[in-house]
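This structure is in C-alpha cells; I'll ask about it shortly.
Each chain carries a letter (A, B, C, D, E and F) given by its place in the written order, and its residues are counted from 1.
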Amino acid sequence: MVVDDDQEIQGIIEEALSDGGFEIAIAASGEEAVPLLRGNRTHYRADVTDINLRGTMDGWEVGRSAREIDPAFPIVYMTGAAAHEWPSQGVPKSILLTKPFAPAQLLTAVSQLLNNPPPTG
Amino acid sequence: MVVDDDQEIQGIIEEALSDGGFEIAIAASGEEAVPLLRGNRTHYRADVTDINLRGTMDGWEVGRSAREIDPAFPIVYMTGAAAHEWPSQGVPKSILLTKPFAPAQLLTAVSQLLNNPPPTG
Amino acid sequence: MVVDDDQEIQGIIEEALSDGGFEIAIAASGEEAVPLLRGNRTHYRADVTDINLRGTMDGWEVGRSAREIDPAFPIVYMTGAAAHEWPSQGVPKSILLTKPFAPAQLLTAVSQLLNNPPPTG
Amino acid sequence: MVVDDDQEIQGIIEEALSDGGFEIAIAASGEEAVPLLRGNRTHYRADVTDINLRGTMDGWEVGRSAREIDPAFPIVYMTGAAAHEWPSQGVPKSILLTKPFAPAQLLTAVSQLLNNPPPTG
Amino acid sequence: MVVDDDQEIQGIIEEALSDGGFEIAIAASGEEAVPLLRGNRTHYRADVTDINLRGTMDGWEVGRSAREIDPAFPIVYMTGAAAHEWPSQGVPKSILLTKPFAPAQLLTAVSQLLNNPPPTG
Amino acid sequence: MVVDDDQEIQGIIEEALSDGGFEIAIAASGEEAVPLLRGNRTHYRADVTDINLRGTMDGWEVGRSAREIDPAFPIVYMTGAAAHEWPSQGVPKSILLTKPFAPAQLLTAVSQLLNNPPPTG
C-alpha cells in the first residue's frame, strides 16, 4: 500500500513497483490507509508512505499504526525535508528513502524487507 | 540454477532472472540438479529451488546438498505451504521467498546473496 | 544513563554495567533524564530505560527524546509487559531486553550499539 | 539448555553462563533434551549444543528439533571437528563456536541471539 | 559516479544504472574522479569503481579518497582479478562485485548502500 | 594479539581479555606484530591494535597487513584521535573502539568477530 497525496509522485512509484511485479493500492492519507490495513491485514504486504500527508496523520503515525496492526509489517518512508526525524520517529527495521530516489532503490527497499521474514515464517 | 518442476513458474522465474541479466539453467528435480552442481561447481553461481519437487529429494535437501558441494553457495527457497519449515530445515544465510512473490524480490534475493561474499573473496 | 524507578532493579543494572567497566548515572524518571541528556550531550554514551516510569513520560518517549537530542544515541529498552509495543513504539536500531534478562545480555546490548558507530566516527 | 555429554566441558560452560547471570539446565543427549524442550517450551530460552553426542541424535538434529518446537529458538553449536558441516547442517540464524573458544564468546553468542527478538516481541 | 576506463563496460554499467532510474557521471580515471567529488560533494550519491584504472590511482585508492571527502559515501568495487585484495584494501561497508556480474547485482548493491543511511539522515 | 606501545593500556586490555577467557600475546609495534602473524597464522585468532604506534607502521597498516596474511582475520582498532579515519583507512568488517571504552566493549567486539565465521567454517 502506497500512502501519498501527490498524484505525480504516486504515478512514478506506481510505475516502479509495477515494473518490479508488485500490485499496488494507493491511499491519499493516513486516515484512508489505516482502516484498510486494519480491515484486511493479510491482503497488504508492505507500506510505502510519504511523511507529509493531507489530514492530521503524518507518515510516522501511519508507520506506528501499521505496526500496531501487524508487528512485522514492512515500512518504507519517503521524504525530503523530514529525513532527520527518522532516528526518533521511525519504527525499528524500517527503511528511509531520501528524495529524490531512483526507482531501483524503492524496489530494493521493499524487497529487502519482504525477503527478511520473522523466524516464524 | 533454478530447480522447479512447474513449467509455468519456471517461465516466470526465467523471465525475471533474464531481465536482471542472469543466465539460467533449469533442473526439474533435485536428482537432476545436484550432479550438475557437483560436476561443475564453479559454473553455477546460486541455487533457486522450489520445496516440493518431483523425485525423492525436496528443496531443503537440495539446499543442504549444494552447501556440501560449496559451503558458501547462495540458496534461495521458494514456497507457499512450507514456509514454516524454514527455521528448522533451511541452511544458514539462505533466503526464503513466500509465494506469491514479485520478480523484484527474486532479483534482490539472488543479488543480496551474491553481493555478500565470504572474506576470502 | 539508566532510567528506572525501581531501586532493586537499579542495583542489579548498576552492578552489571559496573562489572563491565561502564560508569553509570541513574535517573528515576524521563522528566529527570531528558534535561540531563540535553544539557550535556557528549557526557552520556547510551540510554538504558525501563518502559513504565513514574511521571508522565514512558520509556518510549525517553527513547524518542534522546534521539532528538542526538540522532545516533544508543537506546536499550527493558520491559516485561510492554515488549509487544516495541515494533510500533521503539526507535530504529534500538535493542529490547525482555525481563527477566541476564546481566550478560545487558552488557552485550550496550556494547553492540556502542561498537557500531555511524560512518562519521 | 546445554546439551553436552562431556562433564569437564559441561563444567566450563556452566561456569561461564552462570557468571553472565544465566540459569542453566544440562542434558547429556538429544534424546534427553528434546522432550524437555517440548514439554515446557517457554521455560528454556536458548539451546547450546555440542555436535557429537551420546545416543543417536547429533547436535544438528537437536537444533532442527528445537526449531520445530519453537521456530525462533536461539541455537548455539559448539564443535571442533564438525565446523565445516555448519553451512549445510546448521539452522538459519544460528551461531557456531569453534573449539577451543573463550567463555566471553559463549556469553556474547547467547546474548546476541536473545537480544535480537522477532518483530512480534 | 562510475570510474572505469573500458568504454564497453562503461556502456553496460550506464545502461543498467539508467534502467534503475539513476543518473550517471563517468570518469575514466581516479585522477579525474576525485577532484569532481571534492568540488561538489553533495552532487554525487555513490561511487562505482573498477580496480585497474589508467593513471596512477587504482580503485582502492579512489575508494579511500572518496571516504576522506565524505565518510559515509557508498562505494561499490568491480573487479575480476583483484577480488582477493578486498579484505585488505577495501573500505568498511563497501560492496565488491566480482566480474562477470549481472546488472541486477549492480542495482541492488548501489541501492542497498543508499538505503542504509547514517543515523543523522 | 594486542598491538600497543602504552604499557598502562596494555595492562587494562590484558586484564579485560583474560577475564573473558582469551589468551593474549602483546606486540609493541607493527614491525614486531606482522612477522609473528605471518610466521604462525593459525596461532593467533584476532588482532586488537592501537592506531598510533612506535615505529613506521600505524594501526591501519597493521590491519591491512594482517588481512593480506589471512583475509578473514578479525580486526579491532582502538583509538581516540583517529576515529574519523576509520571510514577511509579501516578494513571491511572491522570494529572501531573509541577511547575511552569499557572492557565489556572490547570483549564483545572480539567475540562478535570470532562468532561470525566465513561460510567455510
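The rule we apply is simple: a residue touches a chain if its C-beta (ideal position, glycine included) is under 8 Å from a C-beta of that chain, and two chains touch if they have at least 3 such contacts.
Just so we're clear, the structure is a prediction, and the values are computed from it rather than from any experiment.
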Copies subunit A, subunit E: same or different interface, half of numbers shared as the threshold? different
Reference interface D-F: repeating pair among A-C, E-F or A-E with over half of contacts shared: A-E
Separation of subunit C from subunit E, taking each centre as the mean of its C-alpha atoms, in whole Å: 38
Between the Cα centroids of subunit B and subunit E the separation in whole angstrom comes to 29
For subunit A, what residues touch not just one other chain but two or more? 71-72, 84, 86-87, 92-93, 107-108, 112, 119-121
Under the stated contact criterion, what part of subunit E meets subunit A in this complex? 19-22, 107-108, 110-112, 114-117, 119-121
Per the touch rule, the subunit A residues reaching subunit E in their complex are 16, 83-87, 95-98, 101-105, 107-109, 112
Touch list for subunit D against partner subunit B, complex: 63-65, 67-68, 71-72, 84, 86-94
